[in-house]
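After this come two complexes, each holding chain A, first together with chain B and then together with chain C.
This part shows the complex of A and B:
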């Protein structure tokens, strides 16, 4: 570095004096590239910064055909965004280091989300659901108090000072007494262990009664419910003897909003074969119900996908068409002045447009399973993710990590199974991902690979995960060529816009 | 604004620093302003200032025959120099007080409003401020620290900041620095050890690429040092503001600079876009710098709204509302220090006069061709 004190004289010099003119060629920093549409390709560096450039640019950069004199703007864009450097070791390498650490800092605190499958019982018989049981047999299908206690013990051992305790089912509210026990117990333990807990109940709202609300309110429990679209879709998807799932859901939503406040209730969309034909109607329904967000969840493979490659590809194509049609409708609403964001895109856009990490367990690398989420099943078995317990219901226990009360923390989180899974949970080291431009925006899903392709490592050319995410990410970049859309996307990320 | 005056010194061998008063009973102050001939009260003070010619054999330091002392108010802190010059260090009635730590600088910005001097003044200023700081009222809301480049005082810079924290724990400190010294991590670390949560370091960053920034500040390697400095400051928990002066050299990559800041420096607390001030070097380099604010509206809008969309705290300084698109009005602050803030004749007709930041006094020399009263009815 030049001394800060010395200043030989104060005669002004021209700009050329300040350029590195001794340089004969630049150095490449790690980056990946990908065609976006017929005109543009994208360059993405290790921390997710990107440049959209005319097709052929990546080749020129790599062949060192970009020159300061002929391509001045591009040349300095490349330097400023850490794609090339004029020195073998870039002078601001530590900035890049800090940025990389920031992007991966969702790993720093380790597991936050602890899912308790509080009961497997349900009063719905949804045709796509593989796990729930319509039964009165609490002893067999509710989580025991012993297992609740043991689950809380594990949760208290998480290095993360902020943990989330999420109650799932079956229908969680059928075991409301056990939820009450669990919440009080967890709060007690949290005090002793200096942890901050967020509580979530996932429910179809059908069993919600007025006497539950005071407890839910008192303990700031968030309600995560389901809304699949207008009545004819919702009721078809979510079968109930009375065929009134939609009506009870809407009634429940209203009750929750009145009693718990707008922010404490959200709804998830499950896409089924039927839904795929009604993207517009589904978005309309969410707007009519006053939602400001909608989660067009990537289709779950557990209802659709099989080992059949062709069928998988076709189903994913259908989903993508549905996604785009719904997405356009959502953008229309925003343009007309009704703010509503699509959550899956927002996760990806945060990765693309901000320097911050995103803690969304289903799209990250290393994967969210174990690192950010763990599932305690009703019967005390421990799984790496929610999908892993679905597999177990089909008698495949590959992702079962242990048993509450028996396995130690280290057995579960650092045991042989976790080690095995970890070999395939970072897209940085997966063939087909390691060289992909979208890698920093995407994730890895060993459970899905295993369920659809027979092994955790997976094979990208026929992967539904890859097919779906590649296209959604490409689509988002394509849309962002319109600057007003990019601006809209910024408002989805931060919730406000100027 | 008068900050300096001169008279004939008597019996002053070393600079005297103190608060001025015209009330003889006010003995807690150090320097008496007398418009009369000698009274016994003079002996109660460390020095006397007077407009009258005094031929004295008293053993009191005196500066007499001063043309005018009207600019001095009760409690103002001054330094009386051996050559008869009386400089105001602190104005009791102003919210725009600046402590100029040194006139030396390791940069030489094209648009510097206070061109640096190369003589070593660090000891002089250190002595001045270490005596003046304890005299500043404890309820002082805010003080600016400026230069030159204040950090060139080295350890004395840190000592003064330490003293400021001890003497004025409730006062907001706004330190203008080019940040380059903090590229040496130990400097940032020592500043971190002072641990003053009221200290904000305002650091200019003029481009997202090194050569433009280095050219504007006329110093090789300055860009890299400043960025390293900002990172080191952040590492030691310091509060940082980024300042960007708007002119012909900064406008072309302004939106890219905004993106660079959000991507690489999202931890900064405030980003200020600043209109050009026609002082110091600016007139000399005006051909390289001048661009009518009307012509950079688009670039400024893109940069400001981008940062604001992402939740960054953004301000526009030194801008007249009639030169800004109306969606940027809410970012405009009345930022110009009281003594150099003016408005034009035309401005009296403007409905937004009260909200407008107005103009530097030096703006009479050159200003936007589009200054025009706004009518909101």
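This part shows the complex of A and C:
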């Protein structure tokens, strides 16, 4: 970088210098384009900056038909946003490099999220869940103290100074004593290794008792719960012998809010076939329960949608219709004055509207698995992601990276399996993605490709991941043409209404 | 682009290689793979593209041809950008990840908006 001292003269040039209308021989910089609706197309450069322009503009730019005199505003927009340059190497290339580096800065610190499947036991029998067991057998289905210790050792070796220890199940609270042991042990080790740890318990809240709350509060543990909608959906999705899953969840939410504060409790929506018919009712329920965010997650394809192109496409179409209907309802609530944001859109909007990366593991390139998340299963097996462990429950161990206590850090994170996965984890080098305008906002998911299409590389024309994300991103840009909606979207990113 | 054959389940096209190169053709017809089986062959300077419907519904030739024409143009434009910007993209990625270190101590705190030489002070 040239310092001010080396640069002896930085006087402003005469006005004529900037108004050189003769110059039409510009150079293209890397960008991609995509039709958004019947009138507009989008241009997106290498760092995710975008311009919404009339259809046909990309063609004019690429065929060098844009002139400074006739298309002054567009021309200078293209120069300032790094779509074209008047010099072969743009003078501000350093700025573009810094922007690119920033977009990929989630790679700097490496793995943050360490999921500990603390127990596979659960007292629910949800029909969509392939992993949990209804059993009293703690020895067989709870994570042993040895495996907890070994998992913490691996977590402490992460180069990331900020790590998250997330307890999952089954139902994590059924092994609350092990959670207590793990939290205290991890805190001890964190002091020695100068790490900052965030703790999260994923729970359906049914086993939550009053005597658990002081420990959860003392150690500032976040609670991530589940709410699938109103009682008739939630209870249908989440079977319990007493058929009262909804009631115990609502009671648990209330207790957590009172004892831990609003900010330490969140709820996730699991979309099922039943949910798809009730987008409005689900959003209403979240508002009724006082939530300020809702995460419209797609139906998990693990277990039911493998290798069936037609069914996958149909399911995704149905989900997209559900998503849009629920999204409209969310926008309506905001217009009426109740602030509530949709989390999946917010992740994408952060990528679109800010220069920064987003720590959401399912929408990253290189993919979040291994780079941002690792899973330690109850039995000591280590997986590349939560979905990879679900595949293992279906007896497919393709994404098993090692075993706690046996595999070294290098074996797990830089071993042959990790190298193999890495060949398909960057959308920049995937067929169909490499020239897609939405590439900077999207990600790669080798586990999903493998589960739904039989290989990690995947095939974009029939990919549920591609079908879903392409349409949601297009939909968001389409909505953003309305400036009041864009303003609302910006408030979702910043958390401020202005 | 010439139509060689069209019937209920198939469409055969011939495409001049001077207009659309192999990269453009493959990238364009890749996206037709969800609904059609695609065969691409070459006969002298013409590519022969055989499109066969995967379903039992009749091909809407007018709609399909219009889409193919638009897509071929779009992918040709993308190919121009890819080729023209190959070096700058490589340069950008390489420099972005090449041993980046921030300057811990800025060399000067003097701002220089009007072009005087701060070393003279």
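Note that the second predicted complex is superposed on the first by the 474 of 498 C-alpha atoms of A that agree within 3 Å, B and C clash if a C-alpha of one lies under 4 Å from a C-alpha of the other, contacts with A are read in each partner's own complex, and residues count from 1 in each chain.
The rule is short, and it goes like this: a contact is a pair of C-beta atoms (placed from the backbone, for glycine too) under 8 Å apart; a residue touches a chain by one contact, two chains touch by 3 or more.
Values in this document were obtained by computation on a predicted structure and should not be read as measured data.
Of the two partner chains, chain B is the only one touched by A:49; chain C is not. In the superposed model, A:104 lies in contact with chain C only, and not with chain B.
In the superposed pair of complexes, A:92 makes contact with chain B only, with no contact to chain C.
Touch criterion met: A:459 reaches chain C, while chain B stays clear of it. Applying the stated contact rule after C-alpha superposition, one finds that A:487 touches chain B and leaves chain C untouched. Looking at chain A, you'll find residues 1, 4-5, 7, 10, 12, 94, 98 touch chain B in one structure and chain C in the other.
For chain A in complex with chain C, the residues that touch the partner chain are 1, 3-5, 7-12, 27-33, 46, 58-59, 62-63, 88-90, 93-94, 96-98, 100-101, 104, 309, 313, 431-432, 435, 459-462. Residue ranges on chain B touching chain A, taken from their complex, read 105-106, 108, 110, 115-116, 118, 151-152, 180-181, 183, 208-212, 214-215, 218-221, 224-225, 227-228, 231, 253, 256, 260, 262-264, 266, 285, 304-306, 308-311, 327.
Those residues of chain C that touch chain A in the complex are listed here as 27, 30-34, 73-75, 77-78, 80-82, 84-85, 88-89, 91-93, 95-97, 100, 103, 107-108, 110-115, 117-119. Considering their complex, residues 1-2, 4-7, 10, 12-15, 17-20, 49, 76-77, 79-80, 91-92, 94-95, 98-99, 353-356, 487, 490-491, 493-494, 496-498 of chain A touch chain B.
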